[in-house]
């Protein structure tokens, strides 16, 4: 029961390590079975070497554990809030990858400075507000989810599938756990390129709207013509 | 038919991955059979793990598909324009490698700051103009080729076998697909060195013309004396 | 006798190489058997390829060699001073890892700029004073230990298990040799992130005390709820 | 005849590739048999994958080829000049490693900012003058050797076994080819650390003379006490 989901979530977590985005037990990926409202997530503090599908924890959308002997990731309440509020997403990923975290720590949004960015994110990578003392002291992880959702009030999470939690690091998501991880890998590249671009030219402006439209929509629009599946 | 060309183009594409210049399905390399005007190029959106010679697409110089069940790279019209206008080239390569893309995003040419650069490129790495809205909205990939060709109006593409497409990333080329990839690998090193040089010394000037001549011509001139094949 | 300690210390030293923190024979890790006051440490100038448990040197807390045919690390007097003064520690590690050393050479403490830092170190990474000429000329390695201890006069070494020796590099420690190494690995990540953060935003301030408390204490406090062992 | 020297020089060249200091056929290492005045050096433009001991070229100190079917490295005249003028050296190494080259291109000496540097080089890494047009146009490689030798007029090449050729890159040397390569590897680390240090703190001054003495002499002085061979 939900073996396939656990397998998929396990594999997505292991990708984080393979791609060099995490060390030790850092980072976590989850996935959701939407029809049944069941979320699968990495257990807390388990190193990637020991991770197997049957250690993945199953919960409902309110956080009740359905299956699993281990504690779920301490970031679980953040993931659940994102699943409750962002209807179209099927996977969530959190890392402390170096360059995305640099931007989060610098409390700066990542402007769209080139087509690598535009191919994947329809606009700048948003930054959350800083949490207030009271939001940190109780229900911290839930409030991390809420501050992300507030930031997306006027944004479409499927077109901008990444956020920088201020002073913390990136959360990404996607249609599936694997896609959430891919968005984390690409974000790290984009973050490194934007970092270098502004060191070289501090006044560099974001690209033209037409160029952003072109690159994002040739991959993700209804008339997409990148790749092998297209409307013809 | 054209099996050798497809094999060569396939291998050159796989080099991009081996050399760490690309992730996922990013980047593309093509090659041309000049006598027959047949171009071979990577299919669109195919990951490097799945790439084999018989997936390489064959086209004529106008873009008509001659062989291949897959869609060719979405950047194909850029490659074709370069083959049509730069007579001496046998291969074209496009990546979003980190440091070359940083310069492209910063909209700065890479000045020739040392002999590593001079060994391979006879002068600074040119930057294209930014495309206009109308050039982006229709025939974008063809126009990317055209803006590169315009930039080379007074330059010799075989002496400066690389360009930075503004807000985008590098295109390189060479006598063969393999040489185009080599030029992309070297460009990434040169871009990283130039980046660091200007961070350390923002006022650093390009090297003397005599030093540029010496290094470029000892490898590439008619009196070249680097390597094992030389005029004696 | 003490075979297990030597094995543990040997493995912890080899981790330095695996994790890319050292080259050649650089760096050293030690461990202590507290009940017996016996310290095990890497021999001096031995490359990691040749390192085996029976080459680990055993000493008492005053530096008298108890077992081992090789000279102990030249940094041994620093390790011994830390064991004598920091009662709770079971392992000490010294490296010249790139980014931590950059901060040490720049003579700047690493401010706590994000939760990656706060997860592991309860406040900024302290910097020692520079040693005086006379402290360098005689008993240099002992004085390196003393200047670290002076810096921790009002700090808890188990909550801030790392220090930057000015003009030199990091020392880290922990409950065990393995934990000391882990603290060195994490310090390098934190140092790289803080470096990038201040390049991007030179005026960035340390995170709120509430956020520091939250992250450090959810992993290390008496009410810790990260990982699988917790008070319930 | 000289098989051992060729083997040693071949292995030292292959280390350049292993250590990530070179790509393609870049870089070269030589060694010398002092009693017989025979120099062994890498052939020109040969990739590291194809390099074997019997491809290493043997020459006398005036550049006459004694053995070898291949052309020697185009940088041979630089190596020979160093052997002729620096009596104590047994090996020479040239690379375009990224960070050392950044300093060479920025035309800045690398100041001694920490003990990693002081452990290996007794003072800053010297920078040559730029070559004049006439020195570039004829006998360029010999003149590169001469400008290095001029820079060492008042320096001891065995205490500062590295130089930055302005606008070009590093040359290192040592008692043997292997030691020359080790000095190139360490130089790259030192160059990267110094680069980061000055980005973080542009006003950072070199370390105290007492600290430089301590670290250099504990490894290299007559009273050295680092490692396993020492005067007791």
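Think of it as A, B, C and D in the order they're written, each chain with its own count starting at 1.
Convention: a contact is a pair of C-beta atoms (placed from the backbone, for glycine too) under 8 Å apart; a residue touches a chain by one contact, two chains touch by 3 or more.
Since this is a predicted model, take the numbers as computed values, not measurements.
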Touching both chain A and chain C we find none
Measuring between Cα centroids, which chain is at the maximum distance from chain A?
D
Quick check on chain B against chain D: do more than half of the interface residue numbers occur in both copies, making it same, or fewer, making it different?
different
Distance between the CA centroids of chain A and chain B (whole Å) is 33
Determine the centre-to-centre distance between chain B and chain C, using the mean Cα coordinates as centres, and give it in whole Å.
46
Residues within chain B bordering two or more other chains
199
Counting only chain pairs that touch, give me the topology of the graph as line, ring, star, complete or other.
ring
Give every touching pair of chains, nothing left out.
A-B, A-C, B-D, C-D
Residue set of chain D touching chain C in the complex reads 113-116, 182, 185-186, 189, 192-194, 196-197, 199-201, 204, 207-208, 210-211, 214, 218, 225-228, 230
Chain D-touching residues of chain C, taken from the complex the two chains share
23-25, 43-46, 70-71, 74, 96, 98-99, 101-108, 130-131, 133, 136-137, 140, 167-169, 195, 198-199
